[in-house]
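In what follows, chain A forms one complex with chain B and a second complex with chain C.
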Partner chain A sequence: MSINGQSGTGPHEFASPTTSGAARPVRRAVIVGGNRIPFARSGGAYTKSSNQDMLTAALDGLIARFGLQDERIGEVAAGAVLKHSRDFNLTREAVLGSALSAETPAYDLQQACATGLETVLGLANKIKLGQIDSAIAGGVDSASDAPIAVSEGLREILLDLNRVKTLPQRLQVLSRLRPRDLAPDAPSTGEPRTGLSMGEHQALTTAQWNISREAQDELAFNSHRNLSAAYDAGFFDDLLTPYRGLAKDSNLRADTTLEKLATLKPVFGKSLGAEATMTAGNSTPLTDGASTVLLASEDWADAHDLPKLATVVDGEAAAVDFVHGKDGLLMAPAFAVPRLLARNGLTLDDFDFFEIHEAFAGTVLSTLAAWEDDEFGRTRLGLEGAFGSIDRTKLNVNGSSLAAGHPFAATGGRIVASLAKMLQAKGTVEGRPARGLVSICAAGGQGVVAILEAL
Partner chain B sequence: MTDKYTTLVNQGVGKNIAKRLGLPQPAVLRRFKPGQPLVTGPVLVQGNTAGADELAAKLLSWDLDVRRHAVPREKLGAIILVLDELTRPEDLEKPVLSAAASLRDLGPSARVISISRPAAETASPAQSAARQGVDGFLRSLAKELRAGATANGIVLAEGVQSTSPSALAALRFFLSGRSAFVDGQFLTVATEQGHLPPDFEKPLAGKVAVVTGAARGIGAAIARTLHRDGATLVLVDIPASGDHLAAVANEVRGTALQLDISSADAGQRIIDHAVQRHGRLDIVIHNAGITRDKLLANMDHGRWTSVLNINIAAQLRINEALLASEHFRNSPRIVSVASTSGIAGNRGQTNYAASKGGVMGMVRASAPLLAANGGTINAVAPGFIETDMTARIPFAVREVGRRLNSLQQGGQPSDVAEAIAFLASDAAGGINGDVLRICGQNLVGA
Partner chain C sequence: MSTVQPVILGEMPSLSKLYVNAAAQTARRRVLGTHNGSNLPATSHEVRGVRADVGNLTAYQHLIGLTARDTLPAGYLHALAFPLAMSVMNRDDFPLPLLGMVHLSNHVEQRSPVLFTESLDIQARVENLRGHRSGTQLDVVAEIRGADTPDIKWTGRSSYLAKGVFLPGIDKPTPHNGQADFTPPDPTAIWHLGVDTGRAYAAVSGDFNPIHLSVLSAKALGMRRSIAHGMYLASRALADVGPAKGETFTWDVTFEAPVFLPARVALAITVLDITTAQTPGEGWQRAEFVAWNPRSGRRHFSGSVAPL
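Moving on, here comes the complex of A and B:
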């Protein structure tokens, strides 16, 4: 089959029927590769770019890398956390603006910061079930081009105005307008049920698990150092396509030092006074960016002469009751991972790479601390003791969100594509395929985690 | 496509003023478009040799309007001067003066093409003189032609027929709009190798071609031209140019390979990508290059080595990998982009000219290595080409650079691309180790 889709599964051809759905065996879903645009600090290079612009750019880079021009992909799924109401069909619109076949269906998905990873899992499941042969998962977010809504008061007045018919009625509705109604309603990272920002929530968790400032700064430092080394080694040459003059993540500080990080003043946990540890250096900044991942059945990848980097083995979502303070807002992965590993008969020792999204350095360290805590293991996870600890040299080895930045929905795609490439390079370990764990926390007390394996 | 001045002097008042003031009046050149006729009118074949007869018969078989004798006042598309059996300088007179009588009948963008033998390949002083005479004659005639007409020559090595594949392919190239900005140049057909394509509109069908520096300018034009001619493309550029590269790749339905060609494993990565993704590798176009201009007195280590490293050392390394690869043995083609700076020199470009001179040296010495597998390696040397790079040259300098050639204008990136596509084709298999200038017969240099 031509990689350009000139033959084979053309626009209106159908895959040959196999067996009825009930008897059809589950097959593997493989990661072919990925593409993202460099992540830009909010208010920077992508200030004038919309979510649709960035997602289209990320798609077009993926299409160019893998020769998918005019290809009808089984399905494309992506999403954004900060989304304009006009972007009700964001992903489909991005597909239509890309070099893919216009006959490629698409849907939007939204699960806060887990959006990107959840698109990977959902589409991989469809491939495993034989519903589709190819898919593109992705995510995009712009904190610069965020939607600003009118106030609730003005919104009600405008809707009422639309409903009434006569001029006197209209004037009457308009007379309800007060100056305060004209103040716009900007989005925030505050949790609707607690009013606390994500950073303030994490500050409480960080303090609860006694995570030191030094440990957080060290994690941030490693993130920058590892990401910088990855760029220098050309690791991102086939994972990234420049956009708007940016060829590297603009948040990356290759020359940062532990000393510099130590000088920063705390920005979250002000109520903790001198105990506050979370700074702009060990927290992710607001970021703009987009990422995509090409998924396929093995047959589709082979027929298109495309690489197969890794398989999507399994995934798990969890949520915590942060509203009543039972657990920290971003602690759901601490529960999701033990459940996922138990289902797959694995322990933390069976992994070669850990990709734990660095929403805040404190998030990663609190999660690791919980897993190493006997009481947490017994009382919260129902284990005999601590869940376990990880080899820190396997953690975020090519950097993570503290250095790269975190355009909410785009982080999952960034991690999955990078991890798949690392797994493929690693190959086999002690006779088994190299294995990696992805963990992403999300607003609303949620978390999504996944296992990938080299082929 | 044409610069503003050329547009101005080709219409209405501007045309009159330019004529009265004796200003340069560059013509709008005939450039190739798919489906376009090969020539604009009848083709006059001059010469009484067997080679001339065979060639005329071949042109007839292409459905061209062929004349063996001039018809008075008939507009001509081309004059072909077959001078393949010259024995002494006196032999030149008859065909040359017959052609002279028809020069005024040449239409716009018409062609004069000579077919001769190499001066070096004869022991007879008189014969060598006659053959070398063709060189001076044709280059002078090229400077006399007007209205976008050009004169170029094909030099057939001893024993190579006028109807050999590469002789015919070179003839078609020179006759067509593909050679719009090639003027006063010779191509040597060294062997009878090569195959004419089943479809002249898709001479590169089924081929997999790599183009370096494909994100912009001449590289992007090469990609578009090779795609038009039927090739499947791998487009290479540095990671920092990846967005432009992706746009070109999506336009020509190729794959983008973000790669620094100066990295040690560049050749192997190019081969691996082409073979894994497209199943083969037939053509490599070394187009990527940089300039870091400085007078030699002010030259530093960084400017010198970066230019030499990217413009020539990287090509040498990649060629080594290609020649060692079992995937590059089926009549492979390499075409390198040199520069007229490398021939004539250019102030402020000692580093660049050294690198581009180096490209031509590399091509000459690599030719036998490629020939071992039925392959070829050639170079093109562009003169003043209208690109983003030349658009940044100060106005006055740019105007001088543009007008100082027989066609009184700058070339287009597509002009370079057309020559490359020709040299990369199967039909050009008999042309090896050659350098073709695409400069409108620039007044500086050879």
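Moving on, here comes the complex of A and C:
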């Protein structure tokens, strides 16, 4: 029996026996493993599955893989970008519907496409500070089962109707109803302050950085080739649980070729002065899916006889002023990574894996171009020159969002679990632990990046 | 020029009555073939103790894309003073036909922030009657003070053109200085304006000028379709500039091709900011904006915002 009367889960339930919180040393937060369901193109296998369905499915697989039945986890954090208002406690509801102990607390988090990675960082910090010993980070999104709101006109009428008391007043409120008020208000990927879709924003950035169609198609081709090879090698065998008849990401085109990609018509940036280069092939499709990551203190993992794949070293968030065109909407990671690396005394040469989320091929290539640009380095990053370049053979080696798809909040968990596994397999490099960089751009001009290291 | 005689009105004039009056006046002048000379009335109209209606303010803020703060937006103050400006131009001794006047440009100085709870004295006058290559133009100047205080908190100068109206003695058209070629920059925003944009702004601003309301009412005044209010467009651009401009600023806009509704309008905001890595957030100098039709490349309006 533990102090607070809830059923105990082992000798390491409490972080530290010290009496003063301030004296508690910062400890490591490790990634034990992860589980996701295959990602499905919207309107596909998961069309009728809700966010809660999919998050629970991913959670179920994680619980089964690591034997977490009846386990009271320190905290579960997850989120969805497209969220129904009834899902205000989405993560807690998923926990209640899972085999975890019902005494496991949970909270929802939302930071657009960075949601998944931010849950990892927030929970890892709690573990590092000794506030919790175990945690599950996650994310889910359904573009198929997206919330549809009533129009602003109908919403105001319904709310006003609720406020008036008498029948004549109600009739008067109802008389304001017009046919156009009945048209629903569907969510869009448009930025509220600019009215531009994410693709249109990226098309501007892609043109500004002179990213060619060929370079974008090549990145997309590599994503499909790498993801396909990873499936063939069994890489996802312990990272994924089949769901609704799907055992692989349905967006994956193992047989795609550069020639096929070159035939696709541009979909974004057609009204710009520059040539339009962004196609459905080098942009991510709307996707449904969910992912989870199990985090723990080293003691908790050891006590439960669970693997320790990698540690969460550090993370950084950044944001840019895209509203006034100062930087591209998805360019925040170009600022977050240099700050993060400087704080940790690292350069791009110190990494063995780069996981740069492929919102669009143009996003990855614009970020790399900015880092290689002398003027950007000097004027925007405050460096002596260009920030640096990466070894492209270390980039998204097991595929990324262009091939797997991108259920917004689920992408962070997909990347973190995969990278942790890759780092553990790599072990040490030149006497130091293998090291990986995660970079995720997000709506609102935001970006979250993180460093993971093999143990 | 004689000194301006103030006329204090008991209450804010009703814009709808003014428009009806203006239509009747236009018809009368057309039938009788009369005009009212070549001088502007040397009279200012003033209303004292004006207060903003908070519900109307909130509706305005949300329509423009502003957060509903307690300070009155510069564009809202323009709307608040607008009935007075109209009433001066609706006087019998005003020499130009009010209906069909084109808003050419607008210069606003927000000299101190105004809270929605404040009681305000608002005054408007017309001045600077002069030729234009395609008619006659003038300025309407509005000033807003705190009730019974001398300091001007807000002032706006709007230039209007009476197209095709040439008054005796004012026949010196300003030389056409050739419109510079406009190459659209990369947009920072695209506005999707529905057909009801004019009606929605009319509802919050009170400006029910028929050219903004519907295709039919616009056609009655010789427009092929209804057009967006210039001040709606300029206010949205000001909103997009954001709070970096501070509480006191100047706001200039020049209108060119009208925005026929419905429309897609491309906007580019350029911020001159000398912020460096060493002085974050300290270098905001000014913002410039330009809007155009993304299909034709025609410029709709352009302007700037700078701290006062």
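Definition applied: the second predicted complex is superposed on the first by the 437 of 455 C-alpha atoms of A that agree within 3 Å, B and C clash if a C-alpha of one lies under 4 Å from a C-alpha of the other, contacts with A are read in each partner's own complex, and residues count from 1 in each chain.
The rule is simple: a contact is a pair of C-beta atoms (placed from the backbone, for glycine too) under 8 Å apart; a residue touches a chain by one contact, two chains touch by 3 or more.
Keep in mind the model is a prediction, meaning the values are calculated, not measured.
**Q** Clash or fit: chain B and chain C on chain A?
**A** fit
**Q** Of chain B and chain C, which one touches more residues of chain A?
**A** Of chain B and chain C, the partner in contact with more residues of chain A is B.
**Q** Can A:Ser389 be said to touch chain B (first), chain C (second), both, or neither?
**A** In the superposed model, A:Ser389 contacts neither chain B nor chain C.
**Q** On the A-aligned overlay, A:Leu306 touches which partner chain: chain B = first, chain C = second, or both, or neither?
**A** first
**Q** At the CA centre of chain A, how far apart in angle are the CA centres of chain B and chain C, to the nearest 10 degrees?
**A** Result: 150 degrees at the vertex chain A.
**Q** Which partner chains sit in contact with A:Pro242 here, chain B, chain C, both or neither? Use first/second/both/neither.
**A** first
**Q** Using the touch definition from the top, say if A:Ala64 reaches chain B (first), chain C (second), both or neither.
**A** In the superposed model, A:Ala64 contacts chain B only, not chain C.
**Q** Identify the partner contact of A:Gln172: answer first if only chain B is touched, second if only chain C is, both if each is, neither if none is.
**A** A:Gln172 contacts neither chain B nor chain C.
**Q** With both complexes overlaid on chain A, does A:Val323 touch chain B (first), chain C (second), both or neither?
**A** After superposition on chain A, A:Val323 lies in contact with chain C alone.
**Q** Would you check which partner chain A:Ala99 touches, where first means chain B only, second means chain C only, and both and neither mean what they say?
**A** Only chain B is touched by A:Ala99; chain C is not.
**Q** Given the touch rule stated above, what does A:Ser212 touch, chain B (first), chain C (second), both, or neither?
**A** A:Ser212: touches no partner chain.
**Q** Could you tell me if A:Gly234 is touching chain B, chain C, both of them or neither one (first, second, both, neither)?
**A** first
**Q** Closest pair of CA atoms, one in chain B and one in chain C, after superposing: how far apart in Å?
**A** 45 Å.
**Q** Spell out the part of chain C that touches chain A in their complex, as residue ranges.
**A** Chain C reaches chain A through residues 65, 184, 186-192, 240-242, 268-271, 273, 276-278, 287, 294-295.
**Q** Could you please specify the touching residues of chain A with respect to chain C in the complex?
**A** 193-196, 200, 204, 207-208, 271-273, 321-326, 381-382
**Q** Note which residues of chain B are touching chain A in the complex, please.
**A** Residues 239-243, 245-247, 249-250, 253-260, 263, 276-279 of chain B touch chain A in their complex.
**Q** Report the residues of chain A in contact with chain B in the complex, numbered from low to high.
**A** Residues of chain A touching chain B: 3-4, 57, 60-61, 63-67, 69-70, 99, 234, 236-238, 240-244, 247, 305-307.
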